[in-house]
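First up is the structure itself, then whatever we jot down about it.
Letters A, B, C and D mark the chains in the order given here, with residues in each chain numbered from 1 onward.
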Amino acid sequence: MMFGLAALAIVVAAIMVLYRGIKGPRVYDRLLAINSMGTKTVILIALIGYMYERPHFLDIALVYALINFIGTIAFLKYRETGRLD
Amino acid sequence: MSFILTFILMLIFWVLLSGHFGLILVVSAVIFSLLVAYLSHDLLLGGVGLSSLIIKSVRFIAYLPWLFWEILLANFEVIYITLHPGMKIDPEVIEFDPALKTDVGITILANSITLTPGTVTIEAGKKSGFKVHSLTKGADLTEMVTKVKWIEGEE
Amino acid sequence: MDIGTIICGVLLFIGCFFILVASVGVLRFPDFFTRIHPAGKTDTLGQACVLIGLIFYEGFDFISLKLLIIVVFLLVVNPTATYALANAAFISGVKPWKKGDKRQ
Amino acid sequence: MNEHVIVQTISKILIPFIQLYALYVLAHGELGPGGGFQAGAIFGASIVLYVLAFGMKSAKLRFKSKVFDFLTSAGVFIFATVGVLCMIAGGAFLQYSSLPLPTKKLASGIGIYGIEIGVFITVTAVLVTIFFETAEQDDD
């Protein structure tokens, strides 16, 4: 119950951020929205793991946080230099 | 030196993550920690002496409670500004040079600034100095710079 | 209802409040550099609050240690990503908003 | 990111922990989510992070392309060796329970662990090779 309400609040927050991601106006606003939604997803995965009493979900949350970070850095680097290395 | 320290750190991290102590798992813990220490020992602790490492870690941990208190205060400020109907903001970009010597010091300062009152680091480096974007005029960062300098230490 | 569950509920409420306010901030602020303030720090604190609430619910064992690792990881990684974003925007020539300018 | 100090320092701190986490996922494939493929992807991600933070030149000095070419086939070799060992011991290909070990449970545990390590090595090597090739395609 408690976890369900918290998850709902985070989904609402993610939808609000998604609006910023659609509207822009700059690519950096969109990237900010994507990064922010990614970290919210980490919390959401942890909460869902507790809702269904499956703590193994935490491993997935940690991996998602990691991939989110690397993805943001990679995209920024590509924006700036036009290449990945 | 850094090899052994990395090995011990990795072993501790494995135990924190795992929580299972079967024979196969313990053997693989030791082998994998050795592997990671071999691959990355110069990344985590490259060229740092043991005594200075301990001193700096203790100082860093002593710095954390103050930082968390500042983060809490900072967030109430941001929440107040966000929910105020008049949106009372007056942003400015501050430039200063904290004269920090180490990369780790710069990183700690930049991330602390990002997490605390109405300020976000937008540029940080040894040569270029710091550029900080502040939500309201008159942000004061001298206390934080002093504390980070203390973590870096004089030796 | 034991004490851990109550503390967990309170922390979940505070954390969700922070996260919601951060999202409102991302919508309301006038330009990129001001938007990054709520996204960079209020969000981080809200997430830390939610996860620490889960630690109180769990009690102290290996699973709560894993939660603690996620909290530390987020506290290290989020400001770094925020810095990288702000720095990239600044270098590419996005001008910071001044008082009296038009909303973007 | 003209001065990469912060991203570089954070990467230096994170990379060893990411690598150990990948190996943890590899070793706990039976107990939780995970296994060879996921572990290989995470380990590959740590090397991708290194390339992003420090650039390709420094990465090429640290992780030789030739080593990854070797590892790609070494992983498959480990996988096949475990399978063939099962056949030599009198079972079918990859029938772990026929391995000459005290209990069947231990035999299948070690057998699965062996092929997971093989998968892990191949996946890491292939992912890193793909990333190196894509990042460098403009140089030709």
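By definition in this document, a residue touches a chain if its C-beta (ideal position, glycine included) is under 8 Å from a C-beta of that chain, and two chains touch if they have at least 3 such contacts.
None of these values were measured; they are calculated from a predicted model.
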item: Separation of chain A from chain D, taking each centre as the mean of its C-alpha atoms, in whole Å; value: 26
item: Chain centre separation (chain C, chain D; CA means) in Å; value: 33
item: Separation of chain A from chain C, taking each centre as the mean of its C-alpha atoms, in whole Å; value: 11
item: Interface hub residues of chain C, defined as touching at least two other chains; value: 22, 24, 36, 44, 66, 69, 76-77, 80, 83-84, 87-89, 91
item: Contacts with 2+ other chains: residues of chain D; value: 1, 6-7, 10, 13, 21
item: Multi-chain contact residues (two or more partners), chain A; value: 59, 62, 66, 73, 76, 80
item: Pairwise touch network: line, ring, star, complete, or other; value: other
item: Those chain pairs that satisfy the touch definition; value: A-C, A-D, B-C, B-D, C-D
item: Touching residues on chain C, where the partner in the complex is chain D; value: 76-77, 80, 83-84, 87-88, 91
item: Footprint of chain C on chain D - complex, ascending; value: 1-2, 6-7, 10, 13-14
item: Touching residues on chain A, where the partner in the complex is chain C; value: 2-3, 5-6, 9-10, 12-14, 16-17, 19-20, 25-26, 28-29, 31-33, 35-36, 39-40, 42-43, 46-47, 50, 55, 58-59, 61-62, 65-66, 68-69, 72-73, 76, 79-80
item: Chain B-touching residues of chain C, taken from the complex the two chains share; value: 18, 21-22, 24-25, 28-30, 33-34, 36-38, 40-42, 44-45, 61-62, 65-66, 69, 75-76, 79-80, 82-83, 86-87, 89-90, 96-99
item: Chain A to chain D touching residues, read off their complex; value: 56, 59-60, 62-63, 66-67, 70, 73-74, 76-77, 80, 83-85
